[in-house]
Amino acid sequence: MSFSVAVSGASGYAGGEVLRLLASHPGVSIGAITAHSNAGSRLGELQPHLHSLADRELVDTSVEHLAGHDVVFLALPHGASAGIAAQLPEDTLVIDAGADHRLEDPMAWEKFYGSAHAGTWPYGLPELPGHRERLRGARRIAVPGCYPTSSLLALVPGFAAGLLEPDDVVIVSASGTTGAGKSAKVNLLGSEVMGGMNPYGVGGGHRHTPEIEQGLSAAAGGQVTVSFTPTLAPMSRGILTTATAKVRPGTGAAALREAWAAAYSGEPFVHLLPEGQWPHTKAVLGSNHAVLQLAFDGHSGRVIVSCAIDNLNKGTAGGAIQSMNIALGLEETAGLTHQGVAP
Amino acid sequence: MSFSVAVSGASGYAGGEVLRLLASHPGVSIGAITAHSNAGSRLGELQPHLHSLADRELVDTSVEHLAGHDVVFLALPHGASAGIAAQLPEDTLVIDAGADHRLEDPMAWEKFYGSAHAGTWPYGLPELPGHRERLRGARRIAVPGCYPTSSLLALVPGFAAGLLEPDDVVIVSASGTTGAGKSAKVNLLGSEVMGGMNPYGVGGGHRHTPEIEQGLSAAAGGQVTVSFTPTLAPMSRGILTTATAKVRPGTGAAALREAWAAAYSGEPFVHLLPEGQWPHTKAVLGSNHAVLQLAFDGHSGRVIVSCAIDNLNKGTAGGAIQSMNIALGLEETAGLTHQGVAP
Amino acid sequence: MSFSVAVSGASGYAGGEVLRLLASHPGVSIGAITAHSNAGSRLGELQPHLHSLADRELVDTSVEHLAGHDVVFLALPHGASAGIAAQLPEDTLVIDAGADHRLEDPMAWEKFYGSAHAGTWPYGLPELPGHRERLRGARRIAVPGCYPTSSLLALVPGFAAGLLEPDDVVIVSASGTTGAGKSAKVNLLGSEVMGGMNPYGVGGGHRHTPEIEQGLSAAAGGQVTVSFTPTLAPMSRGILTTATAKVRPGTGAAALREAWAAAYSGEPFVHLLPEGQWPHTKAVLGSNHAVLQLAFDGHSGRVIVSCAIDNLNKGTAGGAIQSMNIALGLEETAGLTHQGVAP
Amino acid sequence: MSFSVAVSGASGYAGGEVLRLLASHPGVSIGAITAHSNAGSRLGELQPHLHSLADRELVDTSVEHLAGHDVVFLALPHGASAGIAAQLPEDTLVIDAGADHRLEDPMAWEKFYGSAHAGTWPYGLPELPGHRERLRGARRIAVPGCYPTSSLLALVPGFAAGLLEPDDVVIVSASGTTGAGKSAKVNLLGSEVMGGMNPYGVGGGHRHTPEIEQGLSAAAGGQVTVSFTPTLAPMSRGILTTATAKVRPGTGAAALREAWAAAYSGEPFVHLLPEGQWPHTKAVLGSNHAVLQLAFDGHSGRVIVSCAIDNLNKGTAGGAIQSMNIALGLEETAGLTHQGVAP
């Protein structure tokens, strides 16, 4: 038995990665592949790495083309998914790779996105406490942002175990340029980004902050405040997140290690590395894996957690397919057994 | 049924890529993983991207550890494979990723490597005319070099079809740095290679020249002479080969295109791109695919063929496993269905 | 005494590099800085590396703004420079960084650019035989293309010395992405170019071919035919050119070396490296230097010459200022004493 | 009049950058160029970008070769400089690019370096309050580390103005690979670092932490505690530091901006960017400039300061020469007027 899947936004980076993973997924067949301005093109022109799908033609992103599939992936600009989802049958699994349905607080949405809130869907990060259960049988799934994925994987175990102070989390993330999308902008030209780094969206205004705080607060059972700074690194893929939080009095290195180890001991995709080994984004490139390491800095009273993921994979398409597998009752790792591609 | 496979040289780049591909191969089980100075280490320390094998321990590269498997991959320094192969049973499939058994002409070997020739094994480039047949049932296979793989894929169709002059082939290749191996050398430091390019081994003395000439000459049915210049590009993986040859009088663009199209029309891994689309190494990164395009330059009377492969994959480990599949009677594409990882 | 200089196209890469070099040139003062769509902007916004000029405002590219300077640099799209130059006084030194005035053959221009030929100006590559003299006192200068600069530096000594066959030159160049300009295109995004290589404009149709042939033919005293293939490399700056030509019978390695050594023995910016050392583009990054090495490949009867330059510097802005110095009677190296910036 | 300068450690990255800058310094002449294992080599072999010094021969690093110059740069491994300095005349200006003489607290030195403290020399960061005065006429100068340079430039204005809480500074820095030096290590190979990021030396144990705390505490007039995490980015040069500190109650965005603007208003090399423009390491590449921007994150109560420098230039060689200029009574900007080299 095979589930039919439609993929919208197929000319972009998220859509391309969804297709790459679906192409080798044993339980699905790829139906409509849709795009907006690129409708009518051969996929091989736009995604030349997808050899087995090269001759497929992109069709227009419309309800007509998306309907009639068991699963519909939406990789669309902000604000576009709710309207389409409303016109798809309720028993179609709709997976939104965009931001529209991630936030629970309508006011946070409106503050950061300036439009009406589209509602909240089950959040596709199965490793968070209780989330795997919520995803079983779900027919609407919000794919987490890539920065929140790495940030939550980094810090949730400590908050869930009650070991961290909620009021002064500092997170600095470096992302590869695919995180900024595929639209042609001068500041994203290779000439501009190769050989240099720069921050962007600094100062609390970054749209991912409320999503990170939402996840940490849920784990902590109370409001967590985050200072989050994203930076752009000269690499195509990957996020390296450095997350730090004050440790509660009386908590030592062993208790911290134990909390993280316990949180991820059974997880197929999230790995606390052996002591002394630190994450490298290349170790997860092209894969749905996340690698973590932590250190207790007694001097400053902080735990420093480093987490590396592939922003397009575990941070977007891989996480989406992992959630799809859970929702459909497939093996959770189906289609996601890729190792990292290194070096 | 599953074939047991041992992999030597597992701490290097070629060995790592063999393991990465074998880990998701449906027809094999991974037995001994061996190394020289790194014996005793945890694989996850040396190849942190191989998550499913992270806890495997490397053992010493010895006949004792390698024997008893159906297949043995040798990814060893020049001169080391013949001795080991001689001590392995004749019905063990031994696949040599090194150079020792590629050349047919002992004098060419001695000139370029300065040691006695170890003999010639069936050459693992199934897309060459007649080679797929030679690989069926073979129990010794020489894996082609990565430069020769891209060069032969680029030009053999034209020579096999009798369309090219044999006496003035010029090939310039750009390779990612993994082609230079994993040993610590100052000139291969990231600080030295990022942001720049340089040639190396220029002037006919490059060890891959006789291997390229051997393959082209076989296709042409007569001696082909090649000027080959390799350059080092600031990327981890990938080879972009620009190969040009004089076209025989009376041959036009259509005849050239037809020859290449016919040569690769049934091939699962080698793709002549639609006209107007040129190869990009990222389109094949992490995959066993090769992409080609050609243009007839009437002005200079030359055909220019561009070929992109992943040097570690189709250029080494992927080609090796493709040949293994043929030799063992498995599906030729087994374990090699990866798309390229882009962007 | 100081010459006043106006720079047009100041928001682009060529214009930015001209400004960078002029800012530390002891004999000039920078007057109008002009742009088209960016007129009105602060320079520091568009060229954040030009600290000493950060607060200068860009004005519109018009004859009104450009007139009244001793020197005017034009870094404009094809076809735009002739009209402006015609309105500037004859004793203003006009330096065209674009292609309009490079070619001597109107038919070649029309074939490759599809418009009427604007005329031929003295060619700003002082190292070519006889060119330094033509630049003295010139008031119109055509800046060579970056590929022709590296190609001509590579091969002219051999043709000028009568050592090379004219009918089968093969050149393959790898260029950094700034060579493709600063306009926002998806295929030039960092995500697309980092970690990969691709050819472009293959097959004799590349616009730089007639310019390369023009220079080589002049040196050879007869028509030279070139097959030229440019490729795009994952680096911001730099061109590595691999140029090969058949060597005339009876010519050996020593005669070849002698010809190149003699040609460049007195040159301040072009360096034949000691035997055994090969060019690296990082060794010339940010500088007006060119480095070369050559090898005689007796096997194929070809000389292989490798030449590295910075495409924006010696290939554009540096070469332009070197020519300006000569035209104005300044020290030829004035403002160009930068070493390469490595690593 | 010209000061004679000797440079030790000339085959490394710091020594190479010192030479690059000195080669165009109007007030100095370069005397002995020394190395350890590379003594006897031609400089052009080891530093191929230093064209004007290519034919200079490296001599052994010994007091004999270093003595007799007005200035001696020491770019040596930890622990090597004190012994040499002791044998040089007291009126020789000795500039130590290593760590030996940076820390004031012998216990901090011993804890992090495990050897006896060599003493404290005037600290070569002229932009710190009061430091320019201490450098005038100095004959021993300790060059700051590159991470401390960027961290102190980022936060000292806020502490000096009494606007920041001392007890919870969090700094995350990304450095180019030259920061890790030129010794051949597998983890620094281009194949390993291109396309990925990783942290290192995490958890309070990093040797630069006490140096950062020393500078911040001096500015604050009391102990400042820092959590510092360095990461390695895929670029040759550059440091991007993200530094955050809690803001004292009652302090707003305007007061913060004013403090930083005032601190750097007269500085030739340190630039607070216009609001809305964020630092990019490429804007300072190859130059002695530092660029900063800050944002007040009212949500978390933190100021976030971003600072970009070139680790080899302002972070090492440029800062050293700036301090030399002050010590010798030269123009402070002499030999340091380079713009950034971008893109």
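The letters A, B, C and D name the chains in turn, as written, and every chain counts its residues from 1.
As a convention for this text, a contact is a pair of C-beta atoms (placed from the backbone, for glycine too) under 8 Å apart; a residue touches a chain by one contact, two chains touch by 3 or more.
Going by UniProt, the chains are A, B, C, D = N-acetyl-gamma-glutamyl-phosphate reductase.
Here the structure is a predicted model, which is why all the values come from computation and not from measurement.
Chemist: If you check the contacts of subunit A and subunit B, which chains show up for both?
Modeler: Looking at subunit B and subunit A together, the chains touching each of them are C, D.
Chemist: Compared with subunit A, which chain's mean CA position is the farthest off?
Modeler: Chain C.
Chemist: Determine the centre-to-centre distance between subunit B and subunit D, using the mean Cα coordinates as centres, and give it in whole Å.
Modeler: Between these chains, centre-to-centre, one finds 45 Å.
Chemist: For subunit C versus subunit D, what separation do you get between their C-alpha means, in angstrom?
Modeler: Centre-to-centre distance between subunit C and subunit D: 35 Å.
Chemist: Touching at least two other chains at once: which residues of subunit B meet that condition?
Modeler: Counting only residues that touch two or more other chains, subunit B contributes 13, 178, 191-192, 194-195, 234-237, 280, 282-283, 285, 342-343.
Chemist: For a test of understanding, state which residues of subunit B touch subunit D in their complex under the given definition.
Modeler: Its residues touching subunit D are 13, 176-178, 180, 182-186, 188-195, 234-236.
Chemist: Provide the residue numbers of subunit D that touch subunit C in the complex, in ascending order.
Modeler: 13, 16, 20, 23-24, 42, 44-45, 47-52, 54, 178, 194-195, 236-237, 271, 273-274, 277, 280, 282-287, 289, 291, 337-343
Chemist: Please output the residues of subunit B touching subunit C within their complex, sorted ascending.
Modeler: Counting only subunit B, the residues touching subunit C are 168, 170, 172, 174, 191-192, 194-200, 202-204, 209, 225-227, 229, 231, 233-238, 240, 242, 244, 246, 278-283, 285, 293, 295-300, 302, 304, 306, 308, 342-343.
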